[in-house]
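Naming follows writing order (A, B, C, D and E), and every chain is counted from residue 1.
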Amino acid sequence: MTQLVYLVPLFPLIGFLINGIFWRKMPKTAGGVIGTLTILASFIVSLGIFFEVKNSGTATMVHLFDFINSGKLSIPFTFQVDALSSLFLLIITGVGFLIHVYSTSYMHEDEGMVKYFAYLNLFIFSMLLLVLGGNYLIMFIGWEGVGLCSYLLIGFWFKNRDYTNAAKKAFVMNRIGDLGFLVGMLLILYTYGTLSYQDFFGQLKGGQVIVSTSTYNWIAICLFIGAMGKSAQIPLYTWLPDAMAGPTPVSALIHAATMVTAGIYMIARSSALYNLAPMAQTLITWIGLATAIVAATIAMKQYDIKKVLAYSTVSQLGFMFLALGVGAYTTAVFHVMTHAFFKALLFLGAGSVIHAMGGEQDLRLMGGLGKKMRITQITFLIGCLAISGIPGFSGFFSKDEILAMAYAHDPILYYLGVFAAMMTAFYMFRLYFLAFTGIFRGTHDQEHHLHESPWAITIPLIILAILSVVGGYVGLPAVISEHHALASYLAPVVANTGEHHMLAGTEWMLMGISVSVSVLMIIVAYVRNKKPAFAPNTGVAKFLENKWYVDELYDAVIVRPIGAISRLLDRFAERAGIDGIVNGVGKLVGWGGDRVRLLQSGQVGFYIFVMVLGIIALFTLGFFWIR
Amino acid sequence: MKAIIAATISGVILMFAGILVKEKKNAVTLAVILLLALLGVNIYEVVSTPAAAPQAFFNNMLRIDRYAVWFNTLLTGCTLLYVLLIGKEIAKVGSHVAEYFALICFILCGLYILSGYNNMLMLFLGIEIISIPQYILAGSDKKNLKSSEASLKYFLMGAFSTGILLMGITLLYGATGSFYITNFTFLQADSLNVLALAGIILVMIALSFKVSAAPFHMWTPDVYDGAPTAFTAFMATVAKAAAFIAFLRLFQVAFGSLSNSWTLVLSVITAATLFVGNITAVFQQSVKRMLAYSSIAQAGFMLFAVISVNAIAWQGIIIYAVAYSVATIGIFAVLLKLKDYTYDGFNGLAQKEPTLAFVATIFLLSLAGIPLTGGFMAKYYVLSAAMQQGHLMWLVIFALLMAAISVYYYFRVIIAMYFKPGNPELNSPVTQTDKFLLILTCAIVLLIGIFPQLFLSV
Amino acid sequence: MYEVLFWFLTIMAIGCALGVILSRNPVNSVLFLIATFFAISGHYLLLNAQFLAVVNIIVYAGAIMVLFLFVMMLMNLNADVEPQKSRLAQLAGMIAGGVLFLVILAALRTASLSVLDKQSNDIGLIKNLGKVLFTQYVLPFEISSVLFLSAIIGAVVISRKEEVHSTVADGSVNTSDIK
Amino acid sequence: MILVLLITIPLLAGILAFAIKGEGVKILALLSAMATLGIAAYVSGNNYNASISFTAPWIPNIGTQFSLMADGMSGMLCLLTAIVLLVVVIVSWNKKFEKPNSFWGFMLLSQAGLMGVFLAYDALVFYVFWELALVPVYFLCSRWGGEKRIPVTFKFFVYTFVGSLMMLAGLIFLSQQTPGANSYSWINIVHAGASLPPATQQWLFWLLFIAFAIKMPVFPFHTWQPDTYEQSPTPVTIILSALMVKMGLYAVLRWLLPVLPSGVAYWSDTVIVLSVIGIVYASLIAIVQTDLKRLVAYSSIAHMGLMCAAAFSANNIGMHGIMVQMFNHGINITGMWLMVSLIENRWGTRDMSKLGGMATAAPLMAIALVIISLANIALPLTNGFVGEFMLFNGIFQGSSQYHMVYMIIAGLGVILGAVYTLNMIQKTAYGNVTDMVIAKDLSMNEYIGVAIIICIILFLGIYPQPLLDMTSGMVK
Amino acid sequence: MPIQYYLFLSMALFSIGIMGTLMRRNAIIIFMCIELMLNAVNLLLVAFSKMYVDSSAQIFVFFIMVVAAAEVAVGLAVIVMMHRKVHSVDINILNRLKH
């Protein structure tokens, strides 16, 4: 089965090609069905692979063809199937399939539906390349590929200038990160002469190449810059909230469940490297934590339902990086998985809401939707509980594990993490209460149209809701079960480092603290949003609503100066400067010609005079200069 | 030697024909026939001259080798081409058509002397033989004041330069006691007599005047501009080539071993020539005057052959003289078809007379030195000769920059012809014969550019 | 005697030459030039070039200068005052000529040349010269005929009046508006 | 002999074209282009490990022979030339040029010149073709170009001509250092140049390099380019930017790096710094351009800068990358120009502020534009990526002390490239439809042309190995 | 008598001739000054002839005279032609050809 791994990306590719080539002529439904079925097929294959890997536990290399072969540089197009990639395959195809199903309904009204599915399939294909690649370059291909798809999907409604701006921003920010990734890759190539995971990690472990820690750090940091872009970490996170311009399922798939976790995947994949790079790890830890907190604060004051979720995603990604930073790789992957479930759920739920609201996304104009949309409400609530880390839901297990690992690393991290988690609970439930409870605040027309979404939307919601609950049980905390199913599954590839065996009591206490603050915040959220009043925000709240003014800051510090410099260069350096010099030489020749011409006065006496002067000069030269 | 006699006889025949032949057309025909005969004699000389050593004539007054007769042959060919292309226009200059051709034959005679002289007296006579007819030709359009002015200017300055030349020759004689250039080779480079050095410099200056090198070039634009266009074409080409071969011969054969003492002086002359010629040509409004300046610029390139004392220089001057002459004669032939000699006069020629525009383009490309035209090979040879000297790289680079400037004024004509609208007035209709001859000329230009060795086969 | 003659002739030559260039009247210039030629002929005699001395008188002073004088009279140029160059131009010309003289002098100052012996020889006699001219120099002698032919043609071409009377061609302005 | 055909077919077809009246000349051009492509494909396909050469005597007394050689690099560039010309012919099929016979005649002549440049194995032959490629292009630009064409193309001509002349001086000098001072053969030039003392190589370097730098163009020598591209008719712009700039790079690889090793080593840092500055500089300027042609022109400068930097990094992978990228950039930039010309044709303007809505009005065009643009910014799985990756790798592993810094600054071009390219897509393809002159999607011939480009982009993006194999022999 | 004397005399005459060409406006006088230059040359040649006891220099002088005569013929013809048109032999009016 693992040898058939190429089928996994192949199906979406076929789907993409069919939809992409015939997008103008194909009926919408057919496009949706083809798109969905191909992902289903991939999912089935992925399942097979997953279980085979689970049984064998070994990594398999599937060599497809030579991609780049130049002298010492040999980069084959190879897939590596092991526990990590197979798990991600499952998440991607699984969640992806559900979102495809959801989309068949959600996008049905849109004229570009076939195109949409083509993009979606292409995205799945790229994402699969990313996780399947047997070396960094293949990963990079997928890495940029998902960036492209993200760009295309964010700008899906291309007539809207803001949307296309958002798409552009996403792409460019990703590219900044990609440059870091590229430099990282080149550093690896430079140092080790290979990009293949096996060779690279083998050499890292074997220590054939003696390098200093700073080299490790540099490689790790460069790769991490790539992850910053893709996984929306400070300072490259601002694209993600803007990316909500795309259709909601896209947000669910790309900007919550899969693409943004690519950074986590990559670092988890490179755990062998990061273990050797303490400085990079510290950096990751703090950046992750900062992201988690900053994004959470912003999320608390957003009114756009998708923006809240977007910042929540950023914040959760911050958690994952916190985990990576403290060496808890499997924990991070664990959180990726649970987060994929509940965040997809939340986004799809939000999509359902938006669908019902006729495109309205402002929380201030919602309220009381639960009455009309029971399934959506319940599944959404499950999602909220999961993300808030309420025991029994998947988020609890993964997040708690992160916090525990952080505590083990440094208690400060733990407290700050709990602070972020606390805010998570608050903003999620603020969202929930604002949208689903209370009275409807929208227009009468909208109220009239409120309805539960069709089955194609609700079924994925239900499935994801179930997963959001049970998903956590693959990684029970140590105090409950010694057998961490996920950790043991991933063990051949990646394992947590620095396992500090905590006392059971301590662990219980940590859980207790985090759960209780979350519950407390839910209550606070309920109280504050029971009868919401939307006065304009002031002070800190306004600061938060305006996202710390980071966009404005970037605009002032980076975007505008670059524009200004470009304009200056264009006008002065280019036209007046360099071209001016070139043209000036031409003009000088012309001017000189005009002057020298005047010597030709027409007076033969003057001509003879010049001749005599010439004779004198040449005589002087010939006699007194040479001799 | 036979060529000198033949040229003289041709001249005399034409001179008398001036009295006998009344029809202008017949004079042209006679001139063509005589030039063909002259060409035949030259070719016979090429065949009969042994390749190895030069033949001495009349107590070593002349030493004619295969190279010299080949040079003569090619330039006689150019003259023939010139008469074929421009003969009709020569006939329009004035009433003494046959006499003009006689003068042309005498100039050829001077050329033959200058390519083979071995005595300074012969040099002096040769220079005078090519100069005096030129004074006359320049002033031959008596209806035109400019022509007379050109003639007088040329004459005064020419006579002045003759004085300089003679003083140079005298000083050289004072240093060596001989007029034979082969005897000058006994001059020692390390202990060079000041008289000899002064003589060399003065002769160099006089010859620079004849080849219109700066700062002794100032007659050139005025004379070439003022002279009847039909004769400018000849003066700027074959007559100038004759002065060049004299220059080259003297400085290679006689002073080659002394090159250290005069290279710098000549380099300065060369640089100045290139600079003045090119930069002044840029701002001209009249194509004819531009061509006059361009001939100065081209002379700058030909001086490279004189500076470089090596075998390539000999080849360079031959190829340069021929390529430059053919292209210049061609462009003058086109110019003569037009009423208006300004750049604007060329506007839209490509639409009206595509053949004329096309051949003019090829000629101009050749003058600019674009590959596959003769001009490129010519520049190539002289530059590579100079580079073989080793220490003249700066001059070569300077020359190349100037060559780039030359593109400016040559291409202005092309731009006018092809890219500007207009309806140029023609002097006379372009006949099939004209077209054929022009295309033939064009083919020669390309042939020189592609297979230069055909012109160097001796 | 020789020295006295030499210095006399030298001073005469230079003085008359200066007279040529300094006298205002063109006719005076011609006369000064003829005097210069006589002085030079005198030098020829001192240098045993008897034939040349004679030829110089006949050809130069006799034929050529008479031709000049003739032309000048023809043109009615015997006016006392003819247009002069500006003082500046004259000064510049003077300085340029002077500098040239000094430069050449400085250059040739070190020329190592023998002293002429006063012994007279007969190479300058017409017999010797004739021999050399018609043996060694026969070719130039013949070739110079070409020069004369050219000059003849020149005289014909240039001096003979055109049949068609002067029309304004090539944009040139009519001659009458030139002073 | 087959190499001679590569030159003579377009040459003769070009000359013949002048004699044909009317639009029928396109058929001749098409036939010639196809025939050339066939031969070029055969030559380059044949060249995996061997090279073909042809030698005929030319001018023996100056030591030059009409000597041609096609190894992987030459074959590849000939193939590129043939492909590009074919695409140009196909896409311009319905375009009416004034005096079509001269237009296509000059196009074919320039192709002949380019083929000659890429095949020449003798320095003088190389120089001759170098100029020969230029002259028809000059006529094309000046005759069929935009409003300011005459001064602009004239500047272009003189500018490149100055460089060429410097190169000529350098080549003559080199040939005089060969045994017997009498050979222009590549191998002799290389031996002669490499054995020169370093000091000589150092000044000689500039004589040769300036010509190539102007052609590529490298940073301070580039100002002819945007103007010329802007003013030229698009088929000519394609020839210029897809092929003629490659002449510069090709010349660096063939006639500079092996010839003057010490000179190159001495100046490589300078050149890399210039190139790297050029990348950032051109990219920044591209951001503020509103004219599509100028934008693409600056993007081309940035791309060539990258290749140039890699060329001087003295690294095999980088070299191999250049080979790949020369081809790919040729294809991509052809695609870009095609799109620009199609846009201009449909909207009647190249001003981006007046464009928009292509994705609605002409979706096929929009797709093509997006794909080609993405290839232009080297997205993985398009052909641009492999080359650029190898180039970056080459610069990164370069021999210079600051190799990493160079690479990182050059890498900024990747980001800035994304900015201006996406700007362009946004302004042309997205948004609402603005006034169109002709509201029509791709016509059949345009479709074929664009499809060829896109197929190559994708094929070589996914499977670049054929291209790598073709040129692997070049990397020593 | 040192030959330098003749050299210097000749040079002086030569320079005076040059000065004359520079200082005068009358074409005929300029021409005469050129003749003066030629005579300076002739004088020097004759002096050298004596020094080397070689008659060829004297032959040369002879030829110079011959050529000078021919030149005078042409030159005066040109001047006369000019005079016929502009009624002047002033070289300053020769200025239609310039720049």
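Following the convention adopted for this analysis, a residue touches a chain if its C-beta (ideal position, glycine included) is under 8 Å from a C-beta of that chain, and two chains touch if they have at least 3 such contacts.
Please read these numbers as outputs of a predicted model, since none were measured by experiment.
Trainee: Between subunit C and subunit D, which partner chains are common?
Mentor: A, B
Trainee: So which chains are sitting against subunit C and subunit E at once?
Mentor: A, B
Trainee: If you average the C-alpha positions per chain, which one ends up nearest the average over all of them?
Mentor: D
Trainee: Farthest from subunit E by Cα centre, which chain is it? Let me know.
Mentor: Looking at centroid distances, A is the chain farthest away.
Trainee: Specify the chain most distant from subunit D by Cα centroid.
Mentor: Comparing chain centres, C lies farthest from subunit D.
Trainee: Report which of A-E and B-D is connected by more C-beta pairs in contact.
Mentor: Per the contact counts, B-D leads.
Trainee: Let me have the rounded angstrom distance from the C-alpha centre of subunit A over to the C-alpha centre of subunit D, please.
Mentor: Averaging C-alpha atoms per chain gives centres 36 Å apart.
Trainee: On a C-alpha centroid basis, what's the spacing between subunit A and subunit C, in Å?
Mentor: 99
Trainee: For subunit B versus subunit E, what separation do you get between their C-alpha means, in angstrom?
Mentor: So the centroids are 26 Å from each other.
Trainee: With chain centres taken as the means of their Cα atoms, state the distance from subunit D to subunit E in Å.
Mentor: Inter-chain centre distance comes to 64 Å.
Trainee: Which residue numbers or ranges of subunit B touch two or more of the other chains?
Mentor: 121, 125, 128, 132, 135-136, 139, 142, 145-146, 151-153, 156, 160, 171, 174, 194, 197-198, 221-222, 408
Trainee: Which subunit D residues reach two or more other chains?
Mentor: Subunit D, residues with two or more chain partners: 158.
Trainee: Quick check on subunit A: which residues sit in contact with 2+ other chains?
Mentor: In subunit A, 597, 600, 602, 604-605, 608-609, 612-613, 615, 619, 623 touch at least two other chains.
Trainee: Where do chains touch, given as pairs?
Mentor: By the stated definition, chains touch in these pairs: A-B, A-C, A-D, A-E, B-C, B-D, B-E, C-E.
Trainee: Give every residue of subunit A touching subunit B within the complex, in rising order.
Mentor: Result: residues 589-590, 592-594, 596-597, 599-600, 602, 604, 606-608, 610-611, 613-615, 617-619, 621-623, 625-626 of subunit A touch subunit B.
Trainee: What does subunit A use to touch subunit D in their complex?
Mentor: 24, 65-73, 137, 140-145, 148, 151, 155, 158-159, 161, 164-165, 167-168, 171-172, 175-176, 178-179, 182-183, 186-187, 189-190, 562-563, 565-567, 569-570, 573-574, 578-579, 582-583, 586
Trainee: Touching residues of subunit D toward subunit A in the complex: what are they?
Mentor: 155, 158-159, 220, 222-224, 227, 281, 284-285, 287-289, 316-317, 320-321, 357, 359-360, 363, 374, 379-381, 385-386, 389-390, 392-393, 396-397, 404, 407-408, 411-412, 414-415, 418-419, 422-423, 426, 429-432, 463-465, 468-469, 472, 475
Trainee: In the complex of these two chains, what residues of subunit C are touching subunit E?
Mentor: For subunit C paired with subunit E, touching residues are 2-3, 6, 10, 13-14, 17-18, 20-21, 26, 29-30, 33, 36-37, 40, 43-44, 47-49, 51-52, 55-56, 59-60, 63-64, 67-68, 71-72, 74-75, 77, 82-85, 89-90, 92-94, 96-98, 100-101, 104-105, 108, 111, 113-116, 118, 121, 123-124, 128-129, 132-133, 136-137, 140, 144, 147-148, 150-152, 154-155, 158-159, 166, 172-173, 175, 178-179.
Trainee: In the complex formed with subunit E, which residues of subunit B make contact?
Mentor: Contacts found on subunit B: 120-121, 124-125, 128, 132, 135-136, 139, 142, 145-146, 148-153, 155-156, 159-160, 162-163, 166-167, 169-171, 173-174, 177-179, 221-223, 225-226.
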